[in-house]
Amino acid sequence: MVERLITELVIANRILAREDVVDAYGHVSVRHPESPGHFFLSHALAPAFVQRSDILEFDLEGRPVGDDRRTPYLERFIHSEIYRVRPDVRAIVHCHTASLIPFADSDVPLRAMYHMAAFVAEGVPVFDIRTAAGLTDLLVRDAALGKALAKSLGQKPAALMRGHGAVVVAGSIPSVVGRSIYLDVNAKAQAQAIALGGKITYVGADEAKLRMSDTNEYSRAWDLWKRKVAR
Amino acid sequence: MVERLITELVIANRILAREDVVDAYGHVSVRHPESPGHFFLSHALAPAFVQRSDILEFDLEGRPVGDDRRTPYLERFIHSEIYRVRPDVRAIVHCHTASLIPFADSDVPLRAMYHMAAFVAEGVPVFDIRTAAGLTDLLVRDAALGKALAKSLGQKPAALMRGHGAVVVAGSIPSVVGRSIYLDVNAKAQAQAIALGGKITYVGADEAKLRMSDTNEYSRAWDLWKRKVAR
Amino acid sequence: MVERLITELVIANRILAREDVVDAYGHVSVRHPESPGHFFLSHALAPAFVQRSDILEFDLEGRPVGDDRRTPYLERFIHSEIYRVRPDVRAIVHCHTASLIPFADSDVPLRAMYHMAAFVAEGVPVFDIRTAAGLTDLLVRDAALGKALAKSLGQKPAALMRGHGAVVVAGSIPSVVGRSIYLDVNAKAQAQAIALGGKITYVGADEAKLRMSDTNEYSRAWDLWKRKVAR
Amino acid sequence: MVERLITELVIANRILAREDVVDAYGHVSVRHPESPGHFFLSHALAPAFVQRSDILEFDLEGRPVGDDRRTPYLERFIHSEIYRVRPDVRAIVHCHTASLIPFADSDVPLRAMYHMAAFVAEGVPVFDIRTAAGLTDLLVRDAALGKALAKSLGQKPAALMRGHGAVVVAGSIPSVVGRSIYLDVNAKAQAQAIALGGKITYVGADEAKLRMSDTNEYSRAWDLWKRKVAR
């Protein structure tokens, strides 16, 4: 089970890089299936490079388990503090996807454009680190900042981070990867719809709720993305 | 004849994936040339993966012919109900092309920007599933929803689906693939023209009608697209 | 000399396809260096496919020289009629580049954004075929329509064609290819500048005139584009 | 040390080409680590082609050291005059990145959208060559024009050049490459944020200052970009 998840996590790193959700920065983690107070995450490395041997186990203080000396991601507290308060969350992506930055800095909220991104209808709050913590270098460098981000996120599937990027959460690796990819598609489509200048009808919260009851979310896409990075 | 059409259908799946009309989702079908009450469509699979052995035959109730147990596309009723009421239609694409979603959600109608997409001048209605059927999960899950979509489509070459995507129809596989690809180009060009802020002169209905009398539509492009996926 | 030009013409076809100036449609020609009343152009074929053996010689009536039976491009009159009235022109591109269609349909004129597209400052008129010839299928199907287009073009380096695309002319193959590619870049940049909503300072006609006195225009780029298609 | 820098400079040329910061034009230089009045720069060549043997050494008059007869870049004075007045600058990129041209021609200033482009918060002035020197062909052809550009740049990390492109400076090759790439991402994100039509909160100057104290800027990205061009 753990072995399978770590394999999936490595694949997720490659997919997120190939689909331009992350560039050299950003990271993806998965909760330990048997020790819910632990999670797996690469040491500090560009996602495109991540291999099995790069995955470390962390506790909810953001400390690596064991005596591995490789540098962890500075912002691992994004993961630890969300896992702490969201028992439903089993996988997390932190990214700086180009299409999300405009919404992260704007007061125009992300809205759900279509069924593939129905989860957006639950709401995507914006975390402004200055409101939470005053003057910073914009990075989630410690547990206190991680807690503030987790509080902004609340029970939502994703949060934007002003001047920074986004965090996306879900119940599995394929689901968090799918949400990250379709959040990107949705943001571009919404920006384009706004530019058309007409009246926009977004996906309703009631429609989205029905759509999200599909537990097989993104599985067909996962198979395709996986094949692309296997080549 | 049937063998040739199935080969074309497999190629169409690959082309639509390669040209970004579909991603892991979306599908393309062709009417049975000898049994017009039947049509060919893959079982539920990402179009990029579709091979000859994946193609199933369906009747107009959306039931697979024979005892094949592979899962069909949930939304096969898009195809069955359009074939039922449009004898002129011999091939259908259902897609969620990113450029079409903004128009599917907006009250700004698609208009024909150039001769390659002259068919757009016939009009591309928007199907709002809520108007037709109240609260749904946005998917065309049964024959009743398929009938409602077919009614919205009417005699037009394509319809947008609010919060979802589009359906494109034509008299042959190369034609429906060409229409799907150029609908994408046209949508992007129209969005860009609107953003310029000036007065736009769209292709006239009369000009489009003359242009569409060319029965050899998209054949040169089909050869190019085919070669690209053969590599 | 003729052999070298035909080699260049084949390379130009490949470059225009690779750089997305043309898709399956569009064409590029060169004037015969020794018989200025003749020009070279492929028979009707997607530019990506064009090889030496596909190049035909045409006269200014748009007739193939010799008894070659392969189908010529329907719109070869774009070339013949421009060569007839523009002795300075030695190479012509006809294209439907996606970025140009919005400007072809809009009353917002193309303007020069930077030194690489300085020629735009000479002006890029819009040819509306309906003004010239009433109701058509938008194609330049005969010499009369070619003459009308050539008249719209006048002494300019390029003209847009409403509901259709563009024609670009220059004194050599590398120059017409460079102009076509940078016209695309320029159109995208201008659209983006307009969307910013501020005051735009375009390249002045006087600056452009000085810049265009460089006779070595685009030679470094030609070497790069050539290498890319050689792979 | 010199050998290592020249290797880095060759890699930087390849990266800038691969990441679409430069096309056939644009150049990158590095200051001589032992002779600060000298710098290294390729002779006139598309960056994608640059190899070790193409790198020449120049003095601050823009003269090649030694008797190499290969044609230098016409605009080498961009480099020489900035090195002259900015002792902190050790690497310079001159580019015509498509996303920057709209801002170079607009009176809408570039602003910092996110932490990866925090340096933008220091300000990116626009150099208008006409204000500095009257009518020109827009190129920085001599030392006087280079001095005028360096004056516009002042102590900033980058300057836009009206009707032309940009110059980006930094303390190292990886840093100047990173700034060039993220300036592109930032410009696209800012244009998109403006198009959303809402209120935008840019990265504050105070936040950017803290962020920029990180001396390891872009090192993880450099490793990724380097691997991509090594393939």
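Each chain gets a letter, A, B, C and D, in the order it is written, and its residues are counted from 1.
Assume a residue touches a chain if its C-beta (ideal position, glycine included) is under 8 Å from a C-beta of that chain, and two chains touch if they have at least 3 such contacts.
On a predicted model such as this, the values are computed, not experimentally measured, just so you know.
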{"item": "Steps in the shortest chain-to-chain touch route ending at chain C and beginning at chain A", "value": "2"}
{"item": "Those chains which touch chain B and also touch chain A", "value": "none"}
{"item": "Same vs different contact residues, chain B with chain C, by half of numbers used", "value": "different"}
{"item": "Rotation, 0 to 180 degrees and nearest 5, that superposes chain A on copy chain D via CA atoms", "value": "90"}
{"item": "Computed distance of Cα centres, chain D from chain C, in Å", "value": "32"}
{"item": "Between chain B and chain D, centroid-to-centroid distance (C-alpha), Å", "value": "46"}
{"item": "Junction residues of chain D, two or more chains touched", "value": "195"}
{"item": "Interchain pairs in contact, sorted by label", "value": "A-B, A-D, B-C, C-D"}
{"item": "Chain C-touching residues of chain D, taken from the complex the two chains share", "value": "23-25, 44-46, 48-49, 96, 98-99, 101-108, 128, 130, 135-139, 162-165, 191, 194-195"}
{"item": "Residues of chain A touching chain B in the complex", "value": "112-116, 118, 185, 188-190, 192-193, 195-204, 206-207, 210-211, 213-214, 220-221, 223-225, 227"}
